[in-house]
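Dropping the structures in below, format is structure tokens.
In what follows, subunit A forms one complex with subunit B and a second complex with subunit C.
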Partner chain A sequence: MSKRLTVLGLAASILASSLMMAAPEAVAQESVYVPLFTYRTGPFAGSGIPIADGMHDYLQMLNERDGGIGGVKIALDECETGYDTKKGLECYDAVKPKNPVMVNPWSTGISLSLIPKASVDKIPVLSMAYGLSASARGDIFPWVFNPPATYWDGLAMIIRYLGTESGGLDKLKGKKIGYLYFDGGFGKEPIPLFEQMAKDMGFELKLYPVPPGEMQNQSSQWLSVRRDRPDFMVMYGWGAMNPTAVKEAVKINYPMDKFVSIWWPGENDVNGTEGAKGFKMLNWHGIGTDYPALKDIQKLVVDKGLSKSPKEKVGELLYNRGVYNAVLIAEGIAQAQKITGKKVVDGSDVRRGLENITLDEARFKAIGLPAFAGNLQLTCKDHNGHRSAFIQQWDGAKWVKITDFIEPMPEKVKPALDEAAREYGEKNAGWPKRSEACDKS
Partner chain B sequence: MFYRETGQFKTNYADDMAVFPILQDRLGIALILAVAFVLIPLTGSNFLLSSVMIPFLVFSLASIGLNILTGYTGLISLGTGAFMGVGAYACYKLTTLFPEVNIVVWIVASGFFSSLVGVLFGLPSLRIKGFYLAVATLAAQFFLQWCFTRIPWLYNYNTSGAIEVGQRTLFGIDVTGPKASLEARYMVLLTLVTVLTWVASNLMHGRIGRSFMAVRDMDIAAELMGIDLLKTKLLAFAVSSFYAGVAGAAMMFLWYGGGEANDAFNINQSFLILFMVIIGGLGSMIGSFFGAAFISMLPTMLKFGLPALGIPLAGATAEHLTYILVGALIIFFLIVEPHGLARLWQIGKQKLRMWPFPY
Partner chain C sequence: MDILFKVLIDPFLQMGAMPDLFVQTIWDGFVTGVLYALIALGFVLIFKASGVFNFAQGIMVVFAGLTLVGLYEMGLPAPLAVLVTLGVMFVLAVAIERVVLRPLVNQPDIILFMATFGITYFLIGLGELIFGGNPKQMITDQLFLPRGAIEVKMLGGFVQFQKIDIAAAVIAVVMIVALAVFFQKTRIGRALRAVADSHKAALSVGISLNQIWVIVWFTAGIVALVTGIMWGARSDVSFGLQVIALKALPVLILGGFTSVPGAIVGGLIIGIGEKLGEFYWGPLVGGGIESWLAYCIALGFLLFRPQGLFGDKIIERI
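Let's turn to the complex of A and B:
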């Protein structure tokens, strides 16, 4: 405890602060800085890698093909979070001084921690189809976006599908539905709505939580499934939880066509599991490389060695999910440029841009992704869109779309959403009232 | 040459028994405090404050807690993460039930709830020792973590299951919530850590600390000397959990600013803090700080420092490299000095006293 420590401490702090000061200058003036929070390590890497590649490659392709967006290059930067909230916050603090136009946390846990910061730091949070469902309410969460559907919409669509499978929603009465979920914020969120539906429709709900540390060991949950014999299984999983669940379901001979998941499994999760054929999941966008934009990615990014993705993985389900996310990023920036007339936009501009995203058939065609996904229109009130999705089934080698777009149940979801948003504002004393003006579109 | 106590005469017993008997040490501490309280908040970048200093301080507090139990009393615990969680949830419940009371009061008070739980799970320590006690505290870890997810009352029935940190002020300045400035959060945390370290240091230098160490060195001998084992061990659990609880509350309220808490206080967290204590040095206050710095600062520095220095590293590579480097360094330090960084520090100081004429 002498000078030596002090000197060391001093040196370390000076070094550290000078390092951190130097960082922002690295970003060139004429660019829009888009940090991508990704995870290529840890138990969620299996899902995280294709998503990261999809996001990165689409934006890189825009840089290569169009010179960025509206003539401004996109400064891409990846920060590894490992799906860990602590590291996510570190990444956020590291990118904050470089004036990012938005952050994509790619973890419900990180989103939950960033939501309160968004309005203060003026950095929009784009949590595509994850995060806090209540943040769909643009009037309460002006800085948070979670298009194209919330987890509650997803649940409503799954239940509606199970209804049609059984011959009508009223036929669900007396049925037993099992819910296998990631025992964290993401999996727990739909439970109140699920319970409400069970009461309204008269089905029995069985809960099978999978603790985050036990994702790869689900034998006890599936033992209970075998005992309870639910008529349907619904799954909300991510990372290593998905392939494990599929394997366990096969092991206990659970009928795979009664097993429906939310939109997060990918090919890797079912591929290689004998008997996974018949597994179903929600999805809202196209798969494959049969789109001009994806052809451009192959030509301009992957073939040139600018991507980390293996060639054959381009166009896979989660890769294209990443592409969809990148499309939202690009559209948000493009809209912001259109509204403000500026070329180099900042976080506040992009917030307005995201609020005015209009992705219709014509627009999808124009960006080289014809019929890639359903229309999406965000407004200043609605930051989600509550868009419909379809069910696809694994045929042993690829996903096959087996239904049309299924509408969610706004009459059930909306009251729950309003209640959750109101509660959030109430519990977070001092939650700011929306002060940002709405754009007339 | 510079670090020598020659000419510093002690004229009374109080001076002789001081925690820092040497003038240079006292000056050093004053300098460290000055740097921490003045220089860093004034000149440090936001990143330094938010991602380096605040985590370091939170982990220091938790390590001090575990060091009191494991280092000073010789009781191994694998439940530190859970005890931190108790503090975080207690603070959340308290501040939502009584929002008018100052948040800093609640952060400290939540330590007492953690103490209570710690004492409860410390009860078996009278009968079981060593690895078996570690397993018993592991039960605390799993049970408490189960409570954090399964008892919705703890997180106020939030659908997301997350702790939501509202806006709270101290002297009219926001210290929690999204609007709280980093400097405010840092200063509150630093003050807490400084005061609690001072308390812990005095506790360990006094009768209580001596009875802890007596129990650690040989509990039968301690009992023969008139130390009540039950009381002493439970007190160690109480004090240790108190520190862990305050650290947990500070982590959620001053660092994370809310979020999914149950996963933040998992078994990995317990292990991490145990590693900090082992690498820092068992039974040493400064070791707790060294350990926390080593385990919490180093990965951040490597991940963000190397690219900033011009060594280009993509996110995932940096992550892998961090794992390799930190792992290698842990092994290196444990081989060079099994008694931790604190012992290295002590040796360094001893050498410095002889320098430049060692005999």
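Let's turn to the complex of A and C:
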């Protein structure tokens, strides 16, 4: 009897473990393994789902249309993190033995935990426009990439925009700027720069942290906003925090055109909220399906039932953000193939590939995304690009681009990044000096 | 000295200087407290009848809300969607009684408590499987719930009363009164109280434990649906709501696990206490204290009344 139970138990555990980590689409010989850390469940699913779909569908489209990249299929795999650092690390341990060419953590918390592992395991970490801002320094973090702009660049662009709105950066002196942020790694990331800017430019900074458990219960924070009456509100929110913040801002009659967010809200966060009209955010890429690549996704992936996305969601803001991320993945692999001459590349090759990404007008056109985003050039030293973004505004039904591309403030951001990178090295005793050679681009 | 001034004097000066904001904070805390009380009520109902701390109450709130919106999106008219959702919650209650509670009868409480963890994860999976992980907008208009706010000029400023918050408070009060009548005046209510006092004694007089459990889990399901509608109307119906449901824990610590009035008073104390704390004292420590302040308030009360404000005093002979 007990033997039978043991056998049954063993069978159950084998079944359970195989279900826990859904098998990738056969990690075949002639393929490159690309795991996607996603969250389709939990409080952050509202943001995580469209991004996961965008990433998956673009890469799947390459498999369907081109047979992969450079004649090699992409073995796609998803691991559900729930935006939980602990689960993210479990995902990392699960995918590591399968030789991934890179990981996309989609969480600043997970990215921070993976930074020390990346150089040891020789797996590049691509944290697109999130993660540790200082990891833009390729000479110090050769295995980490965070293009096209850091959170600090994002803040600098928002401040520059608020300056323009006020009649000049010098006019920010004496003004009050409120910062509503997710009280975790991501939201805390720009605070040192924000505080420095407040000191340098003479504005008053008011902080309104939103604890992860209170994302849908923000009345206290917005009551404080009503008391403090900031001239502008800046938000770094994610998941369920964004729609709640917009609703609460409407509730206290905060002028929506003074409320500017970093690049993470999506249509779902504002659509249907009466009074959300006027809300602003940063963005750096196109929205909609009016691009050949997006049309291919619809035809070859969505229509064939290979996508988890509803057809009408294809082309939405965060879906296209996922597409942009997938473009970086694909370009990194393609560049690696070009540099090494190998078809099946590994993590070390793709690290070199990412360092040689050049996405200019011609390249965007060639991959079916003409004028989708600004040019991006990564190098051995610069793993970010520090590209500019624009402000878009919700008009009650759609996002409308209202500014040209706004340059970040390198004179403010660069010294702060250098200092943060130096501090990181000091705090993590024995942080290795870069030993990886740079390719001549 | 400066810190003492900031902690002990300044918040009260602020209350006096901006009395309208003080009233607004109290109102916001009251509404939040009412909603906490509703969640806590679900816990109390089940604990009273079966001695089980139902960890799944939070996800029941999400599941009920998602079912309602999901059914509406599938094309059912809102009133019918409400009825069908109630039906789903009834089926869920029967299933829990049959599959989880009945086989575990006479097992230690901790086993039943762990079983409610299982129910939680099952409902998370089932909810995501059927309705997806995307947050959904509550069908406020279709349920004839009011929108907008009433702004009352007072105390040199204004106080804003959201109509949905007023509706939440009214519905919660009606619900609490209905539950009180149900418990005190009906045959089933009396049977339920008998079960709460002693399972064996209740069985000996012919009360069916299984039936009572179904009724009580179904009642908790109704409470969950109402809570889901109200919280959902304030933000969205998303899986994030189950985290808020954990705020019922300090409410229960404070009010006692077995007391309906305790859940209400506890909810109000926690709701108002955390809002006042966050608003007036939060900035002193960088804000964001709400998530743990509720537990501090509850623990403070426990020092003086270990059984909670209204909980039964447990005397055990040794």
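In this section, the second predicted complex is superposed on the first by the 415 of 441 C-alpha atoms of A that agree within 3 Å, B and C clash if a C-alpha of one lies under 4 Å from a C-alpha of the other, contacts with A are read in each partner's own complex, and residues count from 1 in each chain.
We adopt the following convention: contacts are C-beta pairs under 8 Å (C-beta built on N, C-alpha and C of every residue); 3 or more make two chains touch, one makes a residue touch a chain.
All figures in this text were calculated on a predicted structure; none of them were measured in a lab.
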Taking the superposition as given, does A:Ser309 touch the first partner, subunit B, the second, subunit C, both, or neither? neither
Partner chain(s) touched by A:Asn283 [first = subunit B, second = subunit C, both, neither]: neither
Could you say whether A:Ser261 touches subunit B, subunit C, both of them, or neither, answering first, second, both or neither? neither
One more residue to check, A:Gly185. First (subunit B), second (subunit C), both or neither? first
Subunit B versus subunit C as contact partner of A:Ala420, first or second or both or neither: first
Thinking of the overlay built on chain A, is A:Arg40 touched by subunit B (first), by subunit C (second), by both, or by neither? both
Contacts of A:Ala240 with subunit B and subunit C, given as first, second, both or neither: second
Examine A:Pro211 and indicate which partner it touches, taking first as subunit B and second as subunit C; both and neither are also allowed. both
Partner chain(s) touched by A:Ser388 [first = subunit B, second = subunit C, both, neither]: neither
Is subunit A touched at more residues by subunit B or by subunit C? B
Residue overlap on subunit A between the subunit B contact set and the subunit C contact set? 40-41, 183, 209, 211-213
Which residues of subunit C touch subunit A in their complex? 18, 21, 24-25, 28, 32, 124, 128, 132-135, 137, 147, 149, 160, 162, 231, 234-236, 238-241, 243-244, 246-247, 274-275, 278-279, 282-283, 286-288, 290-291
Listed in rising order, subunit A residues that touch subunit C in their complex are 39-43, 45-46, 48-49, 183, 207-217, 219-221, 223-224, 226-227, 239-240, 243-244, 247, 251-252, 268, 272, 274
Could you list, by residue number, the parts of subunit B that touch subunit A in their complex? 2-3, 20, 24-25, 27-29, 31-32, 35, 39-40, 43-48, 50-52, 55, 96, 99, 149, 156, 158-162, 164-168, 177-179, 255-260, 262-264, 266-267, 286, 300-301, 303-305, 308-309, 314-316, 318-320, 345, 348-349, 352
Touching subunit B in the complex, subunit A uses residues 1-6, 9-10, 13, 15-17, 19-23, 38, 40-41, 78-80, 82, 85-86, 89-90, 93-94, 96-97, 108-110, 112-113, 116-117, 119-120, 132-134, 183-185, 188-189, 191-192, 209, 211-213, 308, 420, 423-424, 427-431
